[in-house]
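Note that subunit A is present in both complexes that follow, paired respectively with subunit B and with subunit C.
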Partner chain A sequence: MTASRLGVVVAVVVVVAVLAALPLFSSDVIIQFGINALLLAVLAQGWNIIGGYTGYASFGNSVFYGLGSYGVAIAMVQWNLPFGVGMIFGAALAVAFAFLLGVPVLRLKGHYFAIATLGLAQVMSAIVSNIGIAGQNIGLVLPPLNNDHLFYELSLGLLVIATLTVFWLTRSRFGFGLIAIRENEEGASVMGVNTTLYKVLAFALSGVFTALAGGIHAYWITFLDPESAFDISLNVKMIIMAVFGGPGTVLGPVLGAFVLSAVSEILSSKVTNLAGLFFGVVVVAAVVLMPRGVADVMRQFRRTGWRYFAENLRAHRI
Partner chain B sequence: MSAILEVKNVTRRFAGLVAVSDISFTLGKNEILGVIGPNGAGKTTLVSLISGTLRPTSGEIFFEGSRITHLAAYRRARLGIGRTFQIMRPFPGLSVLDNVAVGALFGHGSGESDLAKAREKARAQLDVVGLGKFASQRAEELGGPNRKRLELAKALAMQPKVLLCDEVMAGLNLVEIDEVIEVLRKIRASGISILVIEHVIKAIKKLSDRLLVLHHGNKIADGPPDAVLSNSEVIEAYLGSRRA
Partner chain C sequence: MDLLAQVLINGVLLGGLYAVMALGLALVWGVLNIVNLAHGAFIMLGAYLAWHLYTYLGIDPFLGLPVTAIIMFCVGYALQRGLLNLVVRAPMFNTLLITFGLEVVLTYLAQLAFSADFRTINPPYAGNSIALGPLVVPLARLMAFGVAVVLTVGVWVFLLRTKLGRAIRATAQNLVAARLYGVEPRHLYAVTFGIGIGLAGAAGCLYGTVSQINPYIGATLTAKCFAISIIGGLDNPLGVLVGGLVLGIIESLTVLYVGATFGDVASFGILVLVLIVRPSGLLGKTT
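Right after this comes the complex of A and B.
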């Protein structure tokens, strides 16, 4: 392990420790903001597996989120099962969905894949609205648990596991297969990568983390309906956060989620009406000035300095 | 010489176009078979049919006696069929070393599961093709001739039994061509059978044990290089008939 690598590991451990201790000395508002930011980071990290590492820009991840939410809600409300069982049920639904729809949909590439997955959330929302056990279009109300500390620590734990999983990807045969698919799918297949299986597994893995985040969120909010559970704008958010931070990197999506959550929170409390507009400006500026995300800026900045942004600007021919 | 690869009456149509028409041939164990033909003769299609990125419209392909006609590309790779691409297909964002490591991680016999060991094997292959000093560069930073070498190293890292080379010498200068010929000879000496597609007649004549000529998707000659290159039908395909 090189010195700089060791530095990153130590820094990450310290940050996690500080985050874990945060609820002990902060207000309810901060904790609630924290839960949201942590769950969004899990979503960005989950999307990173299929979008960042495998190169398939999925707009179907909000389906996983919805399935996870409904998994917990149905298990707890309809079957009186404990929360943990609901989480497993939700994750199982996500895996089943990834295999069932992943096989046909992952045959499509690029924009075609994105558009095909774009429709999935809409379809699921319509289906769930007609299922009795899921409360149809009225939704379900979960038993309230007034313990934000617990939800906070659960979210943090899930984020740590998701990030460790992505870290494992970067040094495993499986992860190399995914990267090879992203870089050149035909090239990967003639070198012995079972591309269909790997893509579906990546979709499922991405789905598990997304579903678990959905499950925690549902129990925390205690209410869900089809429209909010299968919300496509959440999918857009996770993509923006992952891409802002640096897709295909271990820490980029987490960083992106934290930074953008904070920016969006500050904007909406200070300038309210124009928050959405400012958020858009931030995203456009990020795409133009640092198309490979914050992670790449941090890696290159020491070498190139401010020229980094100028060069990206020039590359866009603006 | 017993055959390691056998192509039997293989035809491939793209809508109205017959790219490969009823072609049969064998590749012997430890043989270097050259495949030549004018542009559009069906050479690359043939390689794609063998490596599995395309399926034949009709006909059969056998590898070590078992039928692989409809096997997925990755399964053929695991059986021991490696290929290079004429239009290079590197993993652009990965380092040169990791490009080759992918071959070692997957490849023949489903490869090496340990990343560090795969990288070690990859480094050895880079030295074989003379790319050792570029190991840590990103693949997209390599120039043309080195990309050709990278294609070769990637295929070799799979430890294939059969190597299909699709124009690995195109665009190289004479010195570079001689280097590649040397590398291919070394590869053959290590026990790998090779099918080479090439435009550079001089080079392929020097290298091949046997030559196969394609023209408009048909096989028009198959035999020792000297005999094939003096065949009147072959000369006609390349130069046109002398007098109409």
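Right after this comes the complex of A and C.
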């Protein structure tokens, strides 16, 4: 391990320790903001597995989030099971969905995959609002648990596990297989990667983290309806955060989620409507000026300086 | 039987409107290889333009349609020239994202400017209808259908017969070769995108006369346009017309026989099915 690598690891450990200790000396507002930011970071990291590493730009990960939320809600409200069992049920729903629909949908490439997943995301709330056990379009009310510290630490723990999993991807056979699929799917297949299996597993892994985040969020908010559980704009957020931070990097999506959550929070405290607009402007600017994310800027900027942005512009314009 | 015939009529009328909505998306996608996720948002803007023209200036939406289309053409031209030309050679995912960002921006701007209230364009003849025996044909929908068919055929003839249309098709087939023949791609891309957005604006006018508008209708409309383009293929505007009719009829039948909330489910179910079975579209050429 080189010195700079060691530095990054030490820095990450320190940041996690500080974040874990944060609830001890901060206000409720900060903790609530923290839960939201941490859960969004989990979503961005989950998207990173399928979108960043495997190269399949899913616009439908909100489906997993909704399934996780409903898994917890149905288990706790309808079956009186504990929260932990609900989380497992939600994750199982996500895995089942990833396998059932992943096999046909992951055959599609590029635009087609993106829009097919977007279509699935739009269908889900209509379907769930007709299911009796899910409370139809009225939704479900979960038993309240007024313990923000617990939810904060759960979210942080989930983010750490998700990030460690992505780190494992960068140095495992499975992760190399995914990167090979991203770079050249036919080539990967020729080299002996079982592409269908790998893609579905990546989709399922991405879905499990997204579903667990949805489960925590549902228990925290204690109320759930089809519209908010399968909110399509959640896809916008997770993708923008991952892409802004740097898709296909270990820490980029987390960084992107923290930075964008903070800026959007500050903006919405000043002018309510500006936060949504801000996400749109950020993504437009990011795609034009830094299509490989903040992580890449940080790596290249020292060498190239401001020319970095000009070169990105020159590379893609006509 | 009468009910079924009535539903089929509604489906066909709706389908014509769908076709004109999808036409611009299919054109931009086919020529620029950009799937414009903001397409529905531009339809929404066109509808609001028509609403303002009607409410404040008293211009009938069908007469306001050319005005709206021209304004939206200029918006589209400027957007492509100033922004999208910067990323047109980037990987597909980046162009998807940038139009996604545009959709977010447009939706929020519309919400700020027009408020989230539902609006309808209600010209005096909006409630009128023509009786065909036991069947009823709503006049506004019939007119929207007529305009939609004229526009679709017009675009087809334009692409096939005019010099500019040929240049657009040549660029879609082979950019390098088209360049050698003197096509200036920056301008041509902007014109194509402008036409696409102009058509979205025109579709918005028609949509506003038959349905309610609010700032959030864009995303669903984009997905429908995409579904239609997939069903019809990108090669030919008439394919889009067929795709629109197929979607309109299926949606109407689903609403009747399965339930009102399943209309969108049916269209996206078909989208996913068609994608899986025939990714180049039902009518498109296999690659």
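Here is the rule we go by: the second predicted complex is superposed on the first by the 310 of 318 C-alpha atoms of A that agree within 3 Å, B and C clash if a C-alpha of one lies under 4 Å from a C-alpha of the other, contacts with A are read in each partner's own complex, and residues count from 1 in each chain.
Methods note: a contact is a pair of C-beta atoms (placed from the backbone, for glycine too) under 8 Å apart; a residue touches a chain by one contact, two chains touch by 3 or more.
Computed from a predicted model, the values in this text were never measured in an experiment.
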First (subunit B), second (subunit C), both or neither touched by A:I232: second
Touching partner for A:W168 - first (subunit B), second (subunit C), both, neither: neither
Partner contacting more residues of subunit A (subunit B vs subunit C): C
Partner chain in contact with A:L118 - subunit B first, subunit C second, else both or neither: second
Contacts of A:E183 with subunit B and subunit C, given as first, second, both or neither: first
Partner chain(s) touched by A:F223 [first = subunit B, second = subunit C, both, neither]: neither
Residues of subunit A touching subunit B in the complex: 171-173, 176-177, 179-180, 183-184, 186-195
In the complex with subunit A, residue positions of subunit C that touch it: 29, 35, 83, 85-98, 100-105, 107-109, 111-112, 185-186, 189, 219-220, 223, 226-227, 230, 259, 261-262, 264-265, 268-269, 271-272, 275-276, 279
Contacting residues of subunit A [partner subunit C, same complex]: 57, 104-105, 107-108, 110-112, 114-116, 118-120, 122-123, 126-127, 129-130, 232, 236, 239-240, 243, 273, 276-277, 279-284, 287-288, 291, 313, 315-318
Subunit A contact footprint on subunit B (complex, rising order): 51-53, 72-74, 76-78, 82-83, 85, 89-94, 98, 101-103, 105-108, 110-111, 113, 115, 118, 154-155, 158
